[in-house]
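Think of it as A, B, C and D in the order they're written, each chain with its own count starting at 1.
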Amino acid sequence: MTAASQTPAAPARSAPKRWPTSLVLGIALLAPLLVVAVAGPWLAPYPYDEMNIMSRLQPPGPDFWFGTDEYGRDVFSRTLVGTTNSLVMGVAATAISLLVGVPLGLVAGYGRGRTDEIIMRCMDVLMSFPPILLGILVLAVTPPALWKAVVAIGIVYVPQVVRLTRAITLELMQEEFITAARLRGESTAYILFHEILPNIWPPLAVESSLRVVFAILLGAALSFIGMGAQPPSSDWGLMISEARPFVEQAPWIALCPGLAMGITVIGINLLGDGLRAVLDPRNTGGH
Amino acid sequence: MLLYTLTRLAYLAMVLVVMSILVFLVTQAMPGDVASMIAGQFASKEVIDAITVKLGLDQPLIVQYGRWAAGILQGDLGRSLVLEQPVAPILMEALSRSLVLAVVALAVVTVIGIGAGVLAAVRRGRMADQMVSGVSYLGIAVPDFFWAIVLVLIFGSYLKWLPTGGYAPLADGFVPWASHLVLPVVTLVLMLIARIARLTRSSMIDVLQTNYVKYARAKGLPEKVVIVRHALRNALLPTITVLAIDFGLILGGVVVIETVFSFPGMGRLLLFAIQRHDLPLIQATILIISTAYCLANLAADLLYAFVNPKIRHGMGNA
Amino acid sequence: QAAGTLKVAVDSNLNTLDPAKMKGGQEYVAAYLLFNGLTAIAADMTLKPDLAERWEHSADLKTWTFFLKKGVKFHSGREMDAEDVLATITRIQDKATGSTARVNFEIVESMKAVDSHTVEFTLKSPYSGFAELFGERQARIVPRDALDTLASNPVGTGPFQFVSFAPGDRMVVKRNPTYFEAGLPKLDEVVIRILPETASQVAALTTGELDLAWNLPPEAVDKVKATSNLKAEAVPTSTWDGVIMNGTTKPFDDVRVRRAVATALDKQAITQIALFGYGTPTHSPIPPSHPYFNKDLPIAKGDPAAAKKMLAEAGYPNGFEVTLYTPAGRATRERLGLAVRELLKPAGITVNVQRVPFDVFLKDIEGKAGFYIDGFFSRPTIDTSVYPWYHSRGSWNAALWNYANPAMDKLLDGARQASSEEEAKKLYGEVQALAVQDAPGVIPYVINHVNGVSARVQGFTSHPMMFLDLRNVSVGQ
Amino acid sequence: MTALVPLSAAASPDPTPTPASATAVSALLEVRNLTINYASPRGTLRAASDVSFAIRPGEVMGLVGESGSGKSTVAMAILDLLGEAGRIDGGEILFEGTDLRRLSAAHRRRLRGDRIAAVFQDPFTSLNPALTVGRQIAEPLVQHKGFTPRQAAPRVEELLAEVGIREPRRIAQSYPHQLSGGMQQRVLIATALGCDPKLLILDEPTTALDVTVEARIIELLAGLCESHHLSALFVSHNLGIVNRICNSVCVLYGSEVVETGRTRDVLARPVHPYTKGLVAALPRITTDRRHRLSSIPGTVSKLSGASESCVFAPRCPFAEETCRRLPQALRGDAAGNSVRCWKAEALAGTPWPEESTASRPQAAPPARTAPLVQVEALRKVFGERRSILPWLRRDGTVAVDDVSFTIQRGEVLGVVGESGSGKSTIGRSLLALIEPTAGTVLFDGADFVKQAKEGDRDLRRRAQLVFQNSAASLNPRKTVGAAMERPLVLAGRQGEAERREMIAALLTRVGLPAAYADRYPHELSGGERQRVNIARALATDPEFVVCDEAVSALDVSVQANILNLLADLRDELGLSYLFITHDIAVVSHIADRVLVVYGGTICEEGPIGRVLRPPYHPYTEALLSAVPRLSGAEDGPEPERILLEDSTAPPGGGGCAFRGRCPRKLGAICDERAPPVQTAADGHRIACHIPLAELAERASVFPELAALH
C-alpha cells in the first residue's frame, strides 16, 4: 500500500484563520497607496506641474512638505501624482503580459507538439534579449511615451508569463481531473477555460504581483533613461532622473520619489509573499 | 553531456540567427535616419541622399541584411557610421570593461548573497533571517539608479572617498582602477545580493525540509555538515543558474548604472548607438549583448547539468 | 616651465575626430587642440591670423588670397602647404562628406594654389566676411594624404597631437613638439574624459580627479562657485535658444498669434528657469554684450492679459492647443520648453510638450514642425549671426520659420554694405526692433559659457565661442 | 485474559511507579506518557498524547494505526527530529535508562546514527542526489567511529554486501538515481547498520516498494535484527508486515495508544474495538470473495488536546453513554499487553460486527455472450522518436506489449503487477486516453479509439475511470456538485432542478449526504473524495469502469468501505470493471478474473480462484508468496517464501519479460523465445516455457484456499 507516499499536493486549502503577517503588512502599505493613486490629484496641495520660479529648489518646509524641484514645483504633489503613474504602469504592463502570455502559455501547454514548439521558440528568441535591452529596442522604434513604455514592458515580460502558464498547464494536464474531463468528452476550450484556467490563477496571481514590481522598476528605469514617461509628467523614475543634477543641493527631489517607490515595491512584494503563503502552501520562501 | 552541449549549441545558433533577423528589422524600423543624423541640422535633401547612397542604405533590406550577416560570419561586425570606425574594437573595449564589472560584481554577490541566504534559511524566522529579509527588501525595493544617486551623494560628494564616475584602465594603476569600480559594483550588487539571498534562502529552506537532510540529521551529523554538505550543495542549483544569468546581464550592459556612473560599458555604448541612430553599431551591440546573454544562459544550463549528477549521468542516452 | 597633464571633462562622447564632420561643442574642443584654421577668432571676437600669415582681397571682394605661414608641420612631420588647403576645402564642399560648413563655401566659385604657400579663392558674389569663414570650426586644415583616417587617427597642425581615443571613455593628446608658436603649448598632455553626469564632473573637480570641466551646465555653476578650490570661468556668448514658430503653419501664420506668444513670455523668468540665471535676455541673436545690441528696446516682461487680447483679435478668444517639440537630452532647451508651457498657460494657450530623440528631431521636427525649441551656436560675426535667420533668402530662415518682410531684407542688405560702425549699429538696432515686432520666433536669451576650473590650472580663460584654448595653460600644484 | 490494571494515568498528579516502569530495567527504549503538539497556523494539533510503550533488547515493536494517527511523530520524537513545529509537551523517552530529553542536544546527536539508527519510508528522497551512495554510507562511520573516509571504504563495501548487494564496490560509487528502489532501501539499511546500533527506528521502510521487493527487504530486516540482536521500532500501517516481523505491536488511534502487546495476541485476538475493526477490515486472499468486508464507519476526528471521552467512541459500534463521558486510560495485564478501553474485558470474545449481506441482490453470473470489451494485441511504446539523425533517434519504453483479453458484461477483471508493469497504460488505452501504438480496443463491438477520436460522446459516456489519487482527480476549484454536474450537462440534461436532483441521488447512492454537493474537495476526507469520484463516474450512467488503483491510497478501513461500495454498484447496476491494483488481496476480493502482468506482458490470466491455486506462473507464485498476511491459527502454517531478486536489466528484446528475475528460469530458451501460452483449464492461461504439469506440481501458497471457492 502506498497510503502515505501518495499524499497529493492540494493546490487549494481552506482559507486560514490567520492571515500571514506579510499579507497584512503588504495590504497596510498598499492600501494608502491605492487611495493616493486614485485621489492623488485631489490630495496634492499643488498642481503637479505648477512652476514657481521664486521658490525653486526649496528644502522641505511648511509650505512645501518635501521641498520643491528646479522649476519650483512641489515635490510632494508630484510624488503623489506619480503614484498613479507607477501603479498604472506596473499593473497595465502586467495586464498586457498576462493578456498575451496566458493564452499563449495555455495553448502551448495544452497543444504540446508543434504548436508548443513554435510558441516556445518565439519566446526563446524574446528571452535571448536582456529585459531592459528588449524594452529599449521596442521603444527605440517610436518616439517615447508612457503608454509605449507600458506596452514595451508588457512585451518584455510575456515570455516569463508564457513559461509559467505553460509549466502549470503541463503540470495540470497530468492531473487526473483533466483526464476525467477528457473522459467526459469535454471540448478543448472547456478544459482550457473551465478546468485549467481557474487553477492557474493562484500561482499566476503570486507571480503577477512580482511582475508588477518588475514592471514598475523597469518602467522607472526606462523613464530614467528618457524612454518612458516624458516631462512634465510626474513619473517617479523621471523625477529621479531630473533630480540628478541637483542631488547635492536638493537631495529631496530624488529621495521623495525614491522612498515612494520603495514603499510601493516593498508593499507589493509583501503582498506577493503573503498571497503565496495563502494560495500556494507548497512554496516556502520568497524569490 | 557532450551531446547535450552540442545540441544546445546548435539550438543557440538557431536562436541567434532568428534574433539577428529580428534585430535587423527592428533597427530598420527605427525612426529618424542615419543619413540625416550624419548630415546634421538643415542639411539639404541632396546631401542626405548622397550620404544614403554612400552608405548603401538605399539598397533593398534583404541585400543589406545579407551583406551584414555575411560580414558577421567573416568576423566583420561592420563600421560605425557615426564614429567612422570598425565596430569590433569599440565593442571589444566596452565588453572588456563590462566584463570587469561583471566579474567583480559576481564575485561579491556570490560570497555575500549566498552567505546571507544560507544564514537566513538556517536561522529561519529569527533575528538574522529578519535582518537579511529586511536588507534584501531594501535592495529590491528601490531601483538601482536610486541607490546609485544616494551612493554618489554620500561617497562622492560628502565624504569624497571615491570617484563617482568614469572608468580608469588598469594601466593607470590598481587603486584608481579599483576605486572607479567600487560604486558601480556596490550599486549593482545591492540588488543582486538581495535577489540571490532571497533565492538561496527559499531553495535552502526547501532543501532543509527534504528527507535526505532529515536523514542526514538522523545519522547524527553535526548541523554544520548537514548544511554544507547535504543542503547547500543541492540548494545552490537554482542559485547557480540565476548567477550565471545575472553575469550575462551585467556583461550585456547595465544601462542605467552605466549611465549614472558614466561607466563606458556595453549598456552606454548601446544607448549611445541608439541615440545617434548608428545602425551598424546598434546591431552589433545588440547581437553581442544577446549572444553574451544566451551564452551565459547556456553556461547556466550546462553548469546546472554538471553539478546535478542526475543529469550528468543521464544525458548520454537521453 | 610648469607643465603637466590637464584632465578635462566633456559631457558627451566625441562622435568623430574628423573636423569637417564635427557637429558638437565637445568635438570642437578636440578640433582646436589638434588642428588650426587659416584664421582664428580670438577671445575678443576679432579675427587673427592662424595658419595664414596674412590675406588680401580684391576691391570687389570677390578674389581672396591667403599667404600661408612657412614651416608649419603636420603631426606626421610633413610641412603644410597650399594643396592641403585646397584638399580641405574641396572635401568640405563634397556633399558626400556631409559637412555642415559646406554651405559656407558654396560662395566659392573656384580656388587655386598660386604657389606652394599661397591660395587664391574666387567668389561667386562679393563677401566681406570670407576670411572669417576660415575661423569656423569645421574649416580646419587637414593633411591631404591622411583624409580617410581622420576619424580614427586625426593628424593636424595643432598644439597637441593625437594619442588615443576610447569612444565613450576618453581621448588623450600630447604636446606637439614642433608646434609653430614657439614655446607653446605648455602642457605635456591633455586627457579629455567623457563624463555625462554633471554630479560626477563636479565631484571629480572637487577631489582633484579633474582639472577642468568644459561647459558646465548652468545648474552646476553655483556648486562650483561655492567650492573653495574651484573657479567658474564664465563668458557671455552669442549662443542662443529659441522658440520657433513656423510661419507657414497654423496658427503661427498669423503675426498676431506669434506676437501674443512673445508677449506672454517673460524672458527674465525664462532665463532663470532654463539657465539658472547664467544667461542674458536678448531680442535676437545679437548678444547684449555687443555694441549693436538695441538697449532701447524693452525686454518682454510677460503680459498674459495683453497676450490674451491679441489672441482674441486673431480669432482665438479661448486660446488654442498646440504641441511643442523639444530635443531630448538638451537640458536647457527642455527646461525652456517646460517654461514656455507654463508661461503660456495664463494666456490661454495649452502647450503639450513632446520630447523627441535628437535624431528624430533633426529629421522630422526641425524645419518641419510648427512649434519647437531649437538653438544655435555662436557665429563669428553679427552678419553671419543674423542674416541667415531673418533675411527672406536666408538659409536658416527658409528652413526654420519662413519669415519674410521686405523691410527686414532692406535693413539686412543695408547693414552688409554699411560704411560705418554707426550706421551698422543703427540698422541692426532696427533689425532687432523688427524681429521683436514680427516675432518669427522668440529668442529669450543668449547663454553664458562656463568652465569649472580647478585653482591649480593657470592661464585659462573661457572663450566666447566655447573653444577650449589650452595653449597657454599649465597645471600648478 | 487476566485483569487489567491502570498502566498510566495522564490525569493522575502523582506518578506512582507503574508496572511499565518496573520493566524499565530490562527495556532498551521506553516511552512514557509522551505528549507531542504541533504548532500550526490553525492552532496546536496534538499528534501524540499520553503515548507509552517499551521495547526490550532484541525486540521488534510494530507501531500501527491509520494515516495521521501519529506514528511518524512518535518515531521522530525518539530521534529528536521533530522539527521546529513539533514540541514535546510531556513524558519521557528513556533509552538504556536515561531520559533523552534531559540530555543536551549535542549528546542526543551523538547517539543518533550511532546507537539509534533510522531508515525512512521513501529511500529515494532519503538519499542525497548529489553524493555517491558510498559517501553517504560512510558518513556515520566518519562521524561517530572516527574513521577517515578512506578507512571507511572497505567497511562500506562490507555493509553493502551484508544487505545483499552483489557488486558493492560499483554500487558504492553510484549516485542514488542510478539504483532501483529496492537497492536504495538496502543502501539506507546499510547506512543504519554502519555503527552497530542498538535500536533501529524504521518508519514505513517498505511502503514505497513493490510487494516482491518489500518481501525481500522485510526478510532482510528480520534476518539482520536477529543476527545483530537489534531492537527496532517498526512503523507501518500494514498489519501483515507487522505480523511478519514484529514481536510486539502498539496500535495508535487518534494520537493515543489504544492497544499494545505481543503481536500474536493483539492481531489474533484484538481487544480494543478499533483493533478489532482494523483486523476485520483487511481484505484477505483466504476469505470468501463474495463476502462483504467489514469496515469502520465514520472518519478520524482531529484532536487538539486531551479529550474528555474515548477518542474512538464516535466510530465504535460498542460505544455507550459512559464512553462519551469517560476519558480512557491504558491498562496493562500481566502478560504485558495493555488496552485503552474500559469495556475491554467485556468485549474480549465479541467480534467486530459483520456487515449484512442481506441487502445485496445476488449477482447474476457474468453472461458469456458477446464481450463488452475486447482488446486485441495491444501495444504501447512511449517516447519513441524516429529521426534521420541517429543521435536524435530514441527507442522508447515498451509499456505494453501484445496484450489481449476480453471483459464480459458485469464482470470484474483484475489487473495485478508491480509498479511500471503497464497496468495503467492498459487501462488508459482502453479508454482512449492514450493512443495505442498497435492493436485494437473494441467496446461493445465498436472501435473505441477511433470513435473517441471522432468525438463520439456516447461511447465516452459508457466507459469511465476512477482514479487512485482521489484529490488530484477532482478540480480543487470546483464544488462537488459542479464537478458532478458537467457529465449531466454533456448528457443533455437541461433542467437545472433535474440535475440537482440527480446529483443528490448519486451522492446518496455512494453513501454521502446530498448536502455534500456544495463542498469543495479539500473539505472532504480521502474516502469521501473517492466516493465523489465514483459518483461522478456514475453520473454518465456508464457500463464499464476502469478503477486504476482506486483504493490503494486509502487506509484499510476506508478501503474496505470503498470496496464494498464498488461491489454493490457492480451488483446493482450490472457494471463491468477493469480493476487495476498491485494488491493481490484486494483483487482476490473483488475480481472475477485476473490478469497478472509483468513488464507489459500478460504472464497469467484466469478466474481468480484458479489463479490463486497452482499451476502458477513463477511470477504469480512469487507475488502470492510475498503477500504479507495475518497468519493465525486459522491461516495455517506459513509456506516457504519465494524471494525475487531486485529487478536488474529492463525487460525487452526477445524472450520472456520475467527471465531476469525468474527463480525457475530454464535457460537460453527463456532469453530467446517468447513463452508459449498454455491453457490449464477454464480460461486459465499461463505464458511460460515450463510445462504446465511441472508448474502444477508446486505446493499451493495458500493451502487453506482449498476449503474455499
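Criterion: a contact is a pair of C-beta atoms (placed from the backbone, for glycine too) under 8 Å apart; a residue touches a chain by one contact, two chains touch by 3 or more.
Values in this document were obtained by computation on a predicted structure and should not be read as measured data.
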Chains contacting each of chain A and chain C, listed by label: B
Pair of chains joined by more contacts [C-beta pairs], B-D or B-C: B-C
Euclidean distance of C-alpha centroids - chain C vs chain D, Å: 90
Mean-CA-position distance for chain C and chain B (Å): 40
Centre-to-centre distance between chain D and chain B (centres being mean Cα positions), rounded to whole Å: 52
Chain centre separation in whole Å, for chain B relative to chain A (CA means): 22
Shared-contact residues (touching 2 or more other chains) in chain D: 122
For chain A, residues contacting two or more additional chains: 143, 244, 247-248
Where chain C touches two or more other chains, by residue: 197, 199, 202, 329, 357, 360
Which pairs of chains touch, using the document's own definition: A-B, A-C, A-D, B-C, B-D
Complex interface listing, chain D residues touching chain A: 41-43, 67, 121-122, 204, 207-208, 237-238, 431, 433, 452, 455-457, 460-461, 463-465, 467-469, 471-478, 483, 486-487, 490, 520-523, 536, 540, 552-555, 583
Residues of chain C defined as touching chain A within the complex: 197-199, 202, 217, 219-220, 222-223, 269, 272-273, 328-329, 331, 334-335, 338-339, 341-342, 353-357, 360
Of all residues in chain C, those that touch chain B in their complex: 13, 15-16, 18, 21, 23, 95-96, 98, 100, 102, 151-152, 166-170, 193-197, 199-204, 206-207, 209, 329, 357-360, 362-364, 366-367, 395-396, 399
Of chain B, residues touching chain D in the complex: 3, 124-125, 210-212, 214-222, 225, 229-230, 233-234, 307-310, 313-314
Residue ranges of chain A in contact with chain C within the complex: 49-51, 53, 56, 70-71, 143-144, 226, 230-232, 244-249
